[in-house]
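Below is one structure. I have some questions about it.
Chain lettering (A, B and C) follows the sequence in which the chains are written, and residue indices restart at 1 in each chain.
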Amino acid sequence: MMGGLTLHLPQFPHSSVHIGLYTSVSNAATIRKELLAGNTRYSYAFVDPRGVLSLAHVLAAVYRALTDMQAGTLRTKTLSSEIVFAFGGTMNIAETLRRFGINDNSDSLLVVKVDTDQMERTNSVWNELEGIIQGTSIPVTDENIEKLTDIETIRKNYKIQQGISLANRSEVTKIVTGAIALRGYL
Amino acid sequence: MTLFRKLWSFAYPGFSFSHFHRVMATRTLSVMPLGNVTLPSAISEALALTLIAQGAEAQIYFSVEHPFIPATYLTGTNSQPSAGYILKYRPPKRYRHNALDAQLTKHRTLSEARILYKLFLAGISVPQLIAVDPRQGLIWMENIDGQSLKSWIWAQETEMEERQVDEGEDAQAQKRVHIIKPVLLAVGSEIAKLHFLETVHGDLTTSNVLLRDSSRVEAITVTFSDKPMVKDPVIIDFGLAQQSTLPEDKAVDLYVLERAFISTHPIHSEEYVEWVLEGYVAGFGRGKKTAMFKVNEIMRKLDAVRLRGRKRSMVG
Amino acid sequence: MPSKQEPATCQQRPTVALGLEGSANKLGVGIIRHFPPPPAGSGQRRRPAEVLANIRHTYITPPGEGFLPRDTANHHRSFVVKLVKDALKTSGLTPHDIDCVCFTKGPGMGAPLQSVAIAARTISLMWNKPLVGVNHCVGHIEMGREITGATNPVVLYVSGGNTQVIAYSHHRYRIFGETLDIAVGNCLDRFARTLQIPNDPSPGYNIELLARKGKHYVELPYTVKGMDVSMSGILAYIDQVAIDILNGNPRYADDEDGGGGGKTIITKEDLCFSLQETIFAMLVEITERAMAHVGSQQVLIVGGVGCNERLQEMMAIMARDRGGQVYATDERFCIDNGIMIAHAGLLAYGTGFKTSLEDSVCTQRFRTDEVYIAWRDD
């Protein structure tokens, strides 16, 4: 099933960024267990879509993780965990992974995988994920992502003050993009 | 005072005492880069970048492409069409010791990025921060689609001059009030927001304020022209910006802008500066009583700075 | 006292000036000759000014001590007559051949300035020659332009008493950037005192020699604010570091490559090196900003600190990267001297400028941009 998206970022022409979106996920707890156990079949960035605004949001985190990897300044063990960490605006790794990453009760998942070798293995990524996730793959579009966003989760995750309205999605994207860019520097 | 200013600006056209750190008359696309300065290859090979400005410290590149969002995904719901992106680059300075150079590049890049973000969060009109690489001295931000205040005023004045044959001096003055004044009031107000946040720009000139067509819809009572006159000022270039609570520093900021008006728009500069300051005072702290004390202090300091001209007298 | 001679402009014949300088601890006497410009359209080049005498005597204090105004004034008083006599002898001229007597009106230290001004007034009355008061900074700039041939450079004027970035515009040498507190030479001199470095031939030169042997960079506060610089913070900081070391608390290098192994102890050579690298980088930065603002490709360094080869080197790297050029003079001209006063004074005299006795009072504060540069027509 080819529901996923594959992109290339201009500065990383030899890397493919695969993004998948799944609803009606029933085995989040299992996936999380395997992930924490370090099972290499599960080397993906599993993100809870409730905390995701848009594709731009996802790509900001991916870009941050990739540029840090290039600079040799990764804070976590793998690129996948770094991508999840990159969503956050603070240096607290555990807290960020908890807020943005997969939870036992996650019923939908946004998955990111970056292949940094030249092999074209798009099909294989989606097949692998089909084997891991018990859920429905839906097209990765801003429309679909927005349906899954919980705006109050965004507010909590980025500690956005009550006075600031979250109604304008593009303004909120600016807030989170800036937070991601400046994480660790503020 | 008017005569003095007029004579002074006549005698020294195009010259200013302000703290310019680069020459950027217009945002042209044919700028000569400095000798040995090139972007890190990873970036220059990946994106099509055009050098649009070259200062003493940094280069400004324009990119149609976003650094990480492919073009097809750029216009999502609620977002406006993109005006492109700016990459600001602080190259290494070979005359400095390595350790010092690395430290300065990192510190200044971060300082500017942090200020941009902080001001945005506070609701001030500035370009959006997209990404920052302090180690390499790179900042990605949105490009503002709009002309500088400097060229906009020139355009307005030129147009009015062309029509002046038919109308008199009074009609011209009225036009300025209707067309230019609202924009300058808004500019003053935006600067006031900046200062209220204890931040000084450090290089306030009419080239560092851009005018974006407003998305607001306002009733326009002016019948002189059928062009929409509603413009949003956007302040740019925070490379010399700093945190400061001192009224003196804010006064110097305003003085720099005043000198910029005098040197680039000499004929009506007094009027223009008056309007900017009017907008500044009205907009400071949103006009709250507690803020009035602060802004009066700044105005007093501005008077003192004007008298002093260029700072201190020398000791031998 | 009015002069019986017509104030000759050097349009008609060569003119000669005597110049006296003593705004700090250097007493300088110089004699210079200017030639009339070639006839317009002749295609001939202007004949450069001729240095007929350039003599200097410096008041040097023991290591660890700075020079005080009263003692400096004493020194100048004691040596001025001898220097003027020697200058006349070297030039082979007599008082009759001199057209005007130039002296440093300011800026500078009060008592030393006064003592030289008194000498100048006395000579002017004795020889019945007009007086020309000269701004010390303008003297440096004009001498620098003359010697190097730089036509319209951004000028970095750095000495014990001054730190300014200057650009010429509409008959004024305008100050673009300057120190917000102390001059760079003052910073170096005071640090030399802290380290008990000898003042012979000058503290700055001895710091330069030590700096060449320094290897490890110590991080110091770097203060550039817009077009201005501030030195007092750096001085306070590095003084403290030096005092700590002298009191037996060694400091270790923080720029070790590779790390591991034994830590290297910071020496006074390292401190001199770090201080120079930092403050010179600051000066180069504000100079570059001025160049970018006025669109100039030339830099002229004048003033005592301008002799420093590391500063010249750093400025040259910056200028080359901009496609520009650096101009500097040697110690005959960059260190305070009488010839620059004679030169600038004669330029002014050539436009009809004179200083009456009443106006010949010295001023400790005399800004470079207060002088109307009548002799330039660009």
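Criterion: contacts are C-beta pairs under 8 Å (C-beta built on N, C-alpha and C of every residue); 3 or more make two chains touch, one makes a residue touch a chain.
Just so you know, these numbers come straight off a predicted model, no measurement behind them.
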{"item": "Neighbouring chains common to chain A and chain B, by label", "value": "none"}
{"item": "Among all chain pairs, the one with the most C-beta contacts", "value": "B-C"}
{"item": "Inter-centroid spacing, chain C versus chain B (mean Cα positions, whole Å)", "value": "37"}
{"item": "Where chain A and chain C are represented by their mean Cα positions, the distance between them in whole Å", "value": "62"}
{"item": "Residues on chain A engaged by chain B in the complex (per definition of touch)", "value": "7, 9-11, 13, 54-56, 59-60, 62-64, 67, 70-71, 142-143, 146, 164, 168-170, 173-175, 177-179, 181-182, 185-186"}
{"item": "Touching residues on chain B, where the partner in the complex is chain C", "value": "11-12, 15, 17, 19-23, 34-37, 55-57, 93-97, 99-100, 103-104, 202-203, 240, 242, 310-316"}
{"item": "Parts of chain B lying in touch with chain A, wherever the complex brings them together", "value": "42-43, 46-47, 65, 67-70, 73, 76-80, 110, 113-114, 116-117, 120-121, 128-135"}
{"item": "Contacting residues of chain C [partner chain B, same complex]", "value": "23-24, 106-109, 113, 136, 161-162, 164, 169-170, 174-175, 178, 180, 217, 219, 222, 225-228, 255, 277-278, 281, 284-285, 288-289, 291-293, 295, 313-315, 317-318, 320-323, 364-369"}
